[in-house]
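Okay, here's the structure, questions in a sec.
Just so it is clear, A, B and C label the chains in written order, and each chain counts residues from 1 on its own.
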Amino acid sequence: MNLPKRLTSLARGLFLALVFLFLFAPSVVVVVFSFNESRFFSLPIKGYTFDWYREMIHRTPLIDATKNSFYIATLTVVVSVGLGSITGVIFNRWRANRIVKSMISSVIPMPLLLPGLIWGLALLILFSRFDVRLSIWTVLAAHVLLTLPLVILIISTRLQTLDPAVEEAALSLGATYPETLYRVVLPHIAPALLASGLMTFTISFNEFILSFFLTGGGFNTLPIYIYSLIRWEASPIINAIATVMLVFAGLLVLAMYWIEGARALRGISRQSGEGDPAEPGAPSAIQVTQGATS
Amino acid sequence: MKLSGLVPRRLQGRALALGPVAAWYIVFFLIPLALMLRYSFAFTEQSRIQFVWTLDNYRQVFEDSIYLRLLVKSLRLSLTVTGITLLIGYPAAWAIARMPDRHKPKLLALLIVPWWASYIVRIFGMRMGFGNTGIINSTLKWLGLTDKPLEFFQYNFTAVALTEANLYLPLMIIPIYMSVERMDMRIVQAASSLGSGPIRTFFRVILPLSLPGVLTGCIFVFLPVTGTFIVPSLVGGPNDIVYGNLIASQFGESYNWPLGSALAIALLALLVVMLRVMTSLARWASGGVAQ
Amino acid sequence: MDQTVQVSLESVTKTYDQVIGVESLDLRVNKGEFFSLLGPSGCGKSTTLRLIAGFEQPDRGTVTIAGQPMQGVPPYKRNIGIVFQSYALFPHLDVFENVAFGLRTRRIAKNEIRTRVAQAIETVELTGLEKRKPHQLSGGQQQRVALARAIVIQPDVLLLDEPLGALDKKLRENMQVRLIELHRELGITTIYVTHDQEEALTMSDRIAVMSSEAHGLVQLDTPELLYKNPGSLFVANFIGTSSVIFDTLADVSSGYAVTDGGLRARCPQGFRAQRGAPVALSVRPEKIAIRADLDAEPEAPNRLRGIVETIVFLGESTTYLVRAKDREFRVKRFHDADQRVIPEGTPVLLSWHPDDTSIFVQ
């Protein structure tokens, strides 16, 4: 390799390092200050302590909010992965009218495209109109719809790697439709099911904007509880909680990466390689991004 | 046409299986938006909502200058954030695409991690950096570079824009990466072999080819930032509230749901129009380029 | 040969979204026969296969397998074995489990499964690879697993959907021979779908030629008769190669047609045409004699003068592309010791016999 080439690749690496530093800086700062003795977020750090973690585990509202978030995330996984995989399977093998199909596939990612503010408030109107008390179930309703498009996308991407003739082969060998699903399709999409489950859990557990409007009356999720702490009691307890959450999220992402990550990413880029990525109709992988942040 | 027994039975199963999903979309997506639309034509009298049909809310939205001013501010914020993320994201996407193949999935996963990590935690992390006693100003002081806190790093519009940029940068990088990654590098080589300089090659060849990805990224950053409301209230100053805060407050302190609905619907309409314009731009861009 | 009909289609029509798949197709496949469906893509041969397999239901007409009407019978209740073009092996199962799949769905006892699978794997010469996953096998091996999987269930019909399409030439020829042997050994009624006329000619007892214009059958015959007596210009062109001359009919007498250009052809049975009708004559390349000596007595009554344009050396033979009457003629000459290659640009005399000439009314 000649010198200019080596220099440009060095510059490229350096630039990327800076970009990732910018992306991770807030998380790193949060983690570092969770061990800071001082109540104030300023450098230099005077000393290290685990006090904030100790204080954290004695907060009952925190424990309650964590439990709520855990329940909601678990239920979201069950419902979303259940419904999403069925939809993915049917949609993928459906030789329906093209127009009908493209209409459906343009409706599916809508909850991801719409700003959470608008949709969250619309849901709030719905629940108040019909006197539904804000609870785990109201948040669940929203989280399922938020994660469904992603599950459908991941499952369909995975299914596209299964030759439809394989299912026909099973049928020709005497397997009924349910048997074919169970013995051929299910084993094939199992990793994708697991991966989308982990992703759904992470998104639901961390989701903020929709939960912001769909909690209340003494009922909280963990992100909302953190928000109220930031608002009313800025203390390193928040850092301690956030650190635990980050570690947890990191582990889940790592698990998903091991299971399906490389393959899913390849599938995602392959899929967006076909057709127009800006097409709002196609449940493009890029829209995955939206779900996690809104 | 005669149907065999098999076909309708499979159709039935299909309807049965898709029913719950369809129901979920209708009940928790279509109906809420329809209700919101209905609310936007009602009005509030002494904290009670009167379900009449009136355009008063919309009239107020367009006549009261504060609403329009905040809407313009929201759009300015979105544009700023889109600009920042594009300026950082484009070269970043390009750099990732030029990395060895075995590193690409890892780098993409690293992009995904931050937006999986909690939204509120990241905002909190950014919040810690700003302010008179924030990490940035206190560090500058500690290092002896300044003797009093710099205004630039206080809770202000800049802090809001930087925080949003931090949140949404991955959404800009990934679509651009995808359009750059599938680009045939031989085209670039062909251009330079035809005597095109690097700058010319970028503007005449590379940029047009990656334009669909750029526009997709812009859509994915622009839309959510226009509807933002938490970030300005946590890292902005008192004067930095935006249109999103206005909507949220109608459902909170101000307790005027019909007006809040009208504000939300107006924003939704604006976003739909912008989305249309940008997708047709993207389509035009990708169609206008020889494949 | 046993003449019991094993598979029959009676005036079967299948349309997809207004696109015709097959139209009023009639087919009878005899028990134990190696039967090919041959045609270009879009002729409906795959649709026919899918109708027999039960993946599609006909809009009209009936499919019968082993005497049983298949109306409304799902694929898993028809006792058929299919080898797909893509092999369609179960990616998550090893070779043994792939082959055993059809036996397990039939709830056959474990012991019997073990012996039958072992036998099938031996038949396709894959013994020792039982524990391999499909992605660890070569294309040819995957193909044989697919075959073993289809024959182990002792199907009433074996359907082969261009099974050799993805293999390279050498392997394909080996597999053709292997398939013929296997067919003789097992005697399973086999329906073979292909667009490769050579393959169909080599392997089949009978061939059904299909065309996209007809959305169905054009001619059904043994390979030999198809080659010798093509029933239409389409078949003449599709099966083997032919040189075609367009002309008008001058006269018909004592079983031979004469054209205005003075060419003769034996009339097929039931040939009926008006004087002056446009006709096409076709002749096989190996039936044309070629001479550089223009004055010698030609070998056959049909003769044309032309110029050699291109020579294609093929090893045991040479093909001459000769321009005559503004058309290109293919002439194939096998090498004899005393014959020298005629160089390009040489004026030549072509001649062939009326009995080797097919005539079609346009």
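To be clear about the criterion, a contact is a pair of C-beta atoms (placed from the backbone, for glycine too) under 8 Å apart; a residue touches a chain by one contact, two chains touch by 3 or more.
Just so it is clear, the structure is predicted and the values come from calculations on it, not from any experiment.
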item: From chain B, the most remote chain by mean C-alpha position; value: C
item: Centre-most chain, if every chain is reduced to its averaged C-alpha atoms; value: A
item: Approximate Å spacing (C-alpha centroids) for the pair chain A, chain C; value: 54
item: Cα-centroid distance, chain A relative to chain B, in whole angstrom; value: 16
item: Distance from the mean Cα position of chain C to that of chain B, given in whole angstrom; value: 59
item: Multi-chain contact sites of chain C, meaning residues that touch two or more partners; value: 74
item: Two or more partner chains touched - positions in chain B; value: none
item: Residues of chain C that touch chain A when the two form their complex; value: 17, 53-55, 74-78, 80-82, 84-86, 88-92, 101-102, 105-106, 146, 149-150, 153, 159
item: Of all residues in chain A, those that touch chain C in their complex; value: 97, 162-163, 165-166, 168-176, 179, 183-184, 187-188
item: In the complex, chain A residues that touch chain B; value: 9, 12-13, 15-16, 19-20, 22-30, 33, 40-44, 83-84, 86-87, 90, 94, 107, 110-111, 113-119, 121-126, 129, 141-142, 144-145, 148, 177, 199, 202-203, 206-209, 212-213, 223, 226-227, 230, 238, 242, 245-246, 249-250, 252-253, 257, 261-262, 265-266, 269, 272-273, 276-280, 284-287, 289-290, 292-294
item: Chain B residues within the chain A interface of the complex; value: 10, 13-14, 17-18, 20-21, 24-25, 27-29, 31-33, 35-36, 39, 88, 91-92, 95-96, 98-99, 104-105, 107-129, 133-135, 138-139, 142, 166-171, 173-175, 178-179, 181-182, 212-213, 215-217, 219-220, 223-224, 226-230, 234, 244, 247-248, 251, 257, 260-261, 264, 267-268, 271, 275, 278-279, 282-283, 286
